[in-house]
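Quick one: structure below, then a few questions.
Chains: A, B, C and D, in written order; residue numbering restarts at 1 for each.
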Amino acid sequence: MSVQKMKIGCAGLGRMGKRHALNFLERCPRAELVAASSPDPVELEWAKRHLEPFGVRLYQNYDDMLKQEGLQAIVVASATAVHAEQAIKAIEADKHVLCEKPLSTSVDVSQSVVDAANKKPHLKVMCGFSRRFDASYRDAFKKMSTGTIGTPSVLRSQTCDKLDPSGFFVAYAEFSGGIFVDCSIHDIDLALWFFGAHSKVKSVSAVGITAVEPDLRKHNDRDNAVGLVEFHDGKIAYFYASRMMAAGQEDTTEIIGTKGKLAVNAQPQMNLVNIFDDSGVRREIPQTYYDRFEYAFVTEANEFTACVLEDRKLPLDLNAAVQAVRIGAALQESMVGGKKIVFDEDGNRIEVSKL
Amino acid sequence: MSVQKMKIGCAGLGRMGKRHALNFLERCPRAELVAASSPDPVELEWAKRHLEPFGVRLYQNYDDMLKQEGLQAIVVASATAVHAEQAIKAIEADKHVLCEKPLSTSVDVSQSVVDAANKKPHLKVMCGFSRRFDASYRDAFKKMSTGTIGTPSVLRSQTCDKLDPSGFFVAYAEFSGGIFVDCSIHDIDLALWFFGAHSKVKSVSAVGITAVEPDLRKHNDRDNAVGLVEFHDGKIAYFYASRMMAAGQEDTTEIIGTKGKLAVNAQPQMNLVNIFDDSGVRREIPQTYYDRFEYAFVTEANEFTACVLEDRKLPLDLNAAVQAVRIGAALQESMVGGKKIVFDEDGNRIEVSKL
Amino acid sequence: MSVQKMKIGCAGLGRMGKRHALNFLERCPRAELVAASSPDPVELEWAKRHLEPFGVRLYQNYDDMLKQEGLQAIVVASATAVHAEQAIKAIEADKHVLCEKPLSTSVDVSQSVVDAANKKPHLKVMCGFSRRFDASYRDAFKKMSTGTIGTPSVLRSQTCDKLDPSGFFVAYAEFSGGIFVDCSIHDIDLALWFFGAHSKVKSVSAVGITAVEPDLRKHNDRDNAVGLVEFHDGKIAYFYASRMMAAGQEDTTEIIGTKGKLAVNAQPQMNLVNIFDDSGVRREIPQTYYDRFEYAFVTEANEFTACVLEDRKLPLDLNAAVQAVRIGAALQESMVGGKKIVFDEDGNRIEVSKL
Amino acid sequence: MSVQKMKIGCAGLGRMGKRHALNFLERCPRAELVAASSPDPVELEWAKRHLEPFGVRLYQNYDDMLKQEGLQAIVVASATAVHAEQAIKAIEADKHVLCEKPLSTSVDVSQSVVDAANKKPHLKVMCGFSRRFDASYRDAFKKMSTGTIGTPSVLRSQTCDKLDPSGFFVAYAEFSGGIFVDCSIHDIDLALWFFGAHSKVKSVSAVGITAVEPDLRKHNDRDNAVGLVEFHDGKIAYFYASRMMAAGQEDTTEIIGTKGKLAVNAQPQMNLVNIFDDSGVRREIPQTYYDRFEYAFVTEANEFTACVLEDRKLPLDLNAAVQAVRIGAALQESMVGGKKIVFDEDGNRIEVSKL
């Protein structure tokens, strides 16, 4: 048997790390998960039971894992704060990299990953915007590309989480970069995908409230926020992000063109079951982001693997990942500062008082 | 002001009678409700408050009402048991007639109304199958007629009531003609409409159960029943009727053709509101038949009026109303007796043992 | 027959005027349409055929109509430019007034109607925001009011018209007040209804594009616009208006609360028919605003009539109609000028440079 | 690495064989596809490219494959005509068996597989009714089991294929057992699942037509058929099968209970995209059975594997697979012969003339 498989290691074994590790282990036939690292003893304990028996070597130290003989690629699925550092180290060690979003909550740090990748053009370095691998979004993109809706002009998109009554997201907000960088980043990436990565921002405005968690203000964050992005080529994207959905995860997108509209997930649903009882007709909806996008992550792993093995072009441009952070951070700044932020066509800020 | 209005009287002021009376009074600009009759003092009391102040003359006795000067038409909305008798008297008194369905639970009695009407071809005599006036059914019929689905071949239709926990329908079953004559009659009429009134039944088979009200068996009735009708020209209609829906009224129809399908009310709904809460996404649905078909009854009143005033052809053939009772009664017999009933092309029964 | 009817006259017999006239004539049993006026000979010609035979007296001159003996109320359904003038004249002539929205595209002129009405507190003066009479919006409001969604916090609403390929709306834009005053006014009114008429605006921001009709810029208008309104009590409303929908009228609203969400018309539909053919499963949607809200206009006419006859409190506060114009005009200004507009709690503008 | 994997061989590499082979190869981490057989050179050529490089040994002869060292299990995915023979051979060779449905179109031959399996109780022998592994059906079953709908009483289910304009299904009908055995077998199995495998049939009636392919009558088959099954414990199941859907695969099921209803796939859809264009709002639907149930087949493969490796009870009882064929064959007979077929509580036929 002479089939080549991509040998990959997983950095981080938290909530997303476990999922990426298991996807590469079990649902990615052309990849071989050969290593995994975590500084956390509890996570390593989990890995001893679920990964080690299948031939995965475990590391407490990420740097040690990078040295493993034959390792070709790394999936960075650790805390956001170390995404960029680990990605850059992997690049420098000549590994292909699939990095969880965002590269960093900082635009400059995000850019440093791109700079590192640019020095190694033979490597595949991708930031994992999962929605780009979702079958429905892909179908919508394909339909748009073949003219179904004319010229796409307005994009509405939202990333809305089910309310976590534990309030965990308050503590989390300290490092998340804020609701626009943590949640809306997906919607921003969709705008860059559907409108084209070349799209230049003309202005951003945003407002936010704390309807359920006033403590978020300590971290300059909000639990509900709406952002408005204007592009220089006459397009508009607007976003809604929330941490307080009652029913579950509600990630909906509409792309409105001059000849039609495409809606993705306008009617969220868990599955194909409808329940008729004395309260009416009811369906359940996904409870978490992963519930909704599980198969997109599997596709992401498989396509990254195929691009590495076949030296194919990645489906995502790494520069767009930096641009998404840039827009997200500007929206967050606009929301907190209460001001509209305006850019010229070269991306430089224009003083509002000079308008 | 020289506009002519049709002067109509309403026979019966029970649940449906009140609705017909008010529709002709308030929602039918070309008609003038001038009379109403009921033997029931409570109903007449209601009429004194809601009809009399608007110029409607009230009668305890139907025959007296028929003699009112200038009366042109009667809407028969009394108990089913007297539908035919009152309709025939009205015809004989030279009045146009809109009769609630069914003409009678008996095929022969139903036919006697047709015979009476045939003697007075200048009169408009219509049996009110409300669904024929519903905007959605009409849109479906129009689409079918213009070829949207090719040749219609299979029709599935159901009339399913919300469970009435009072069990009223058990006592009601004594006179209703049974679930196929009382409920499925609407679906049978739809089959005759969509397949054509000329359609000849080849066989009927039916089964029924008493899932919630075993006492219905005393009246040879069931609370859930499925019927299967085969037509000689190679079409099939199948029906489901139920008295135990939890969510509300569920009247759904599908017409399947060689090139497409039309579904009417496949997703019942009360209005355009969706409720998102921790049980998922929910909508309410109509609770009663009238909730669902209110506007169809209004349209029925207005169209009947227009046909009378303009001497136009009625949208329904009275013979189809007899044919619907014939099929409903045969299904009821098949369900109770446990046998399939077979007909030749002339409508005569064929002994099964001779098949 | 001693039943009192409200005698009403209709000012204007254009597209909306015809509808209001016919609704009061045919679908409003407690009202009597006794007069109608239009300066337009073509419209009067129509009225001679459709209104005069039913006892409606016609006028070329609005002032003449006001003098008709016994006239109690006026429905102002003329061009927006004369709404306020005609409403004030009617008030001064001691008539009740139902005025089509908006009172005026000018805040000051709108206020002058309120001032006139305040001098005659015995009169019923209402601005017809039709959505307040729609069964689905009312059901949503009732559910919100009884706590179904906790505290309402974010409202998303859109008024999106089917593209009129004749481009009529370009000429129309000269007098419409712009897309936020013409279309979003409905959504703004919904925000004031669902959040409460007391809601104080903290800021507005808006952007707009001309995706299909660049000529709109001549009238400082756009064909697609998104607006963002922040309220001082920590609520957000955001609006989308468009003139280029391909499928039809898409007026959707979501009210998001701390414990749930209500969506109105998230899945637009013409009726209950689904068409299955080789392109998939399809439903048609309303083509115009009136297609969608026909019955709301009928309810509006009937409720206005009941309030007049029974001297009941109107369901809408006239001040909210001015507030809606104020917000719409500010959004339009923000869109055209490219600036965020900020208000203090007393409604005074704050200079952005001073923030 | 000490993880044990189940070594499996695939019999048949036609349409379904390819899918089963690839599922065990790529999407079933605990299984190892080690062998595959087909008498067809074209199929073997395909396998040389897609299976052999991954270590799968290929056979022209099924019997030879059975002798492969270490082989533990067989997935029988060949033509229906050899399902039973191959399954029995595998059992006799002491292999676990996952057999595609149906075991056979003959009740007796189906029973012979059960008899063979009964002699080897240590083996796992399962007939692959894929819908039992579908997430939506499982969710519905779980909800029913926890009382959501009270007592399940009526089941409606349909298996409707998109029209294949090549008419392939006419030739196919020669060996398929007919539309009730080929298509409705899934729905029958659902009835046995939701009502319980103990359910005893009281009667079956069926009618069928040839709306698009009259030639099917040569093989005693129809292109549209409706069947009605009554159970001795007062439950009803009714089925619709069709070969002429225009939009795609429409497999819908409703389970109606005394306190509610569960609907599975009442609104078929390919994905979460809605297309708004000048024809309305549209969604695409799955085109084939496999489009709809792809993930159910993957789950089936994984669960079968887990049951073998962990010696767990299979989720399906093999006897139910025979009972499903028995009911399907009776429906087919009723449809062709035009007679209702009645059974006593022991499953013996009762002569209709004796009823």
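Definition applied: contacts are C-beta pairs under 8 Å (C-beta built on N, C-alpha and C of every residue); 3 or more make two chains touch, one makes a residue touch a chain.
Worth saying up front: this structure is predicted, and the values here are computed from it rather than measured.
Enquirer: Note down the smallest number of touching-chain steps it takes to go from chain B to chain C.
Expert: When the steps are counted carefully, the minimum from chain B to chain C is 1.
Enquirer: Going by average Cα coordinates, which chain is farthest removed from chain A?
Expert: Between chain A and the rest, the longest centre separation is with B.
Enquirer: Between chain B and chain D, what is the separation of their C-alpha centroids in Å?
Expert: Once rounded, the distance between the two centres reads 41 Å.
Enquirer: Just give me the whole-number Å value for how far the CA centre of chain A lies from that of chain B.
Expert: Distance between chain centres: 57 Å.
Enquirer: Two or more other chains touching the same residue: where does that happen in chain A?
Expert: 149, 245-247, 259-261, 266-267, 270, 275-278
Enquirer: Show me the residue ranges of chain A that touch chain B in the complex, using the header's touch definition.
Expert: 245-248, 250, 267-270, 275-285
Enquirer: Would you pull the chain C residues touching chain B in the complex into a rising list?
Expert: Of all residues in chain C, those touching chain B are 1-3, 25-27, 29, 53-55, 135-136, 139-140, 143, 148-149, 259-267, 270-278.
Enquirer: Touching residues of chain B toward chain D in the complex: what are they?
Expert: 149-151, 153-154, 156, 203, 205-212, 224, 226, 228, 230, 234-236, 238, 240, 242, 244-247, 256, 258-261, 266-267, 338-340, 342, 352-353, 355
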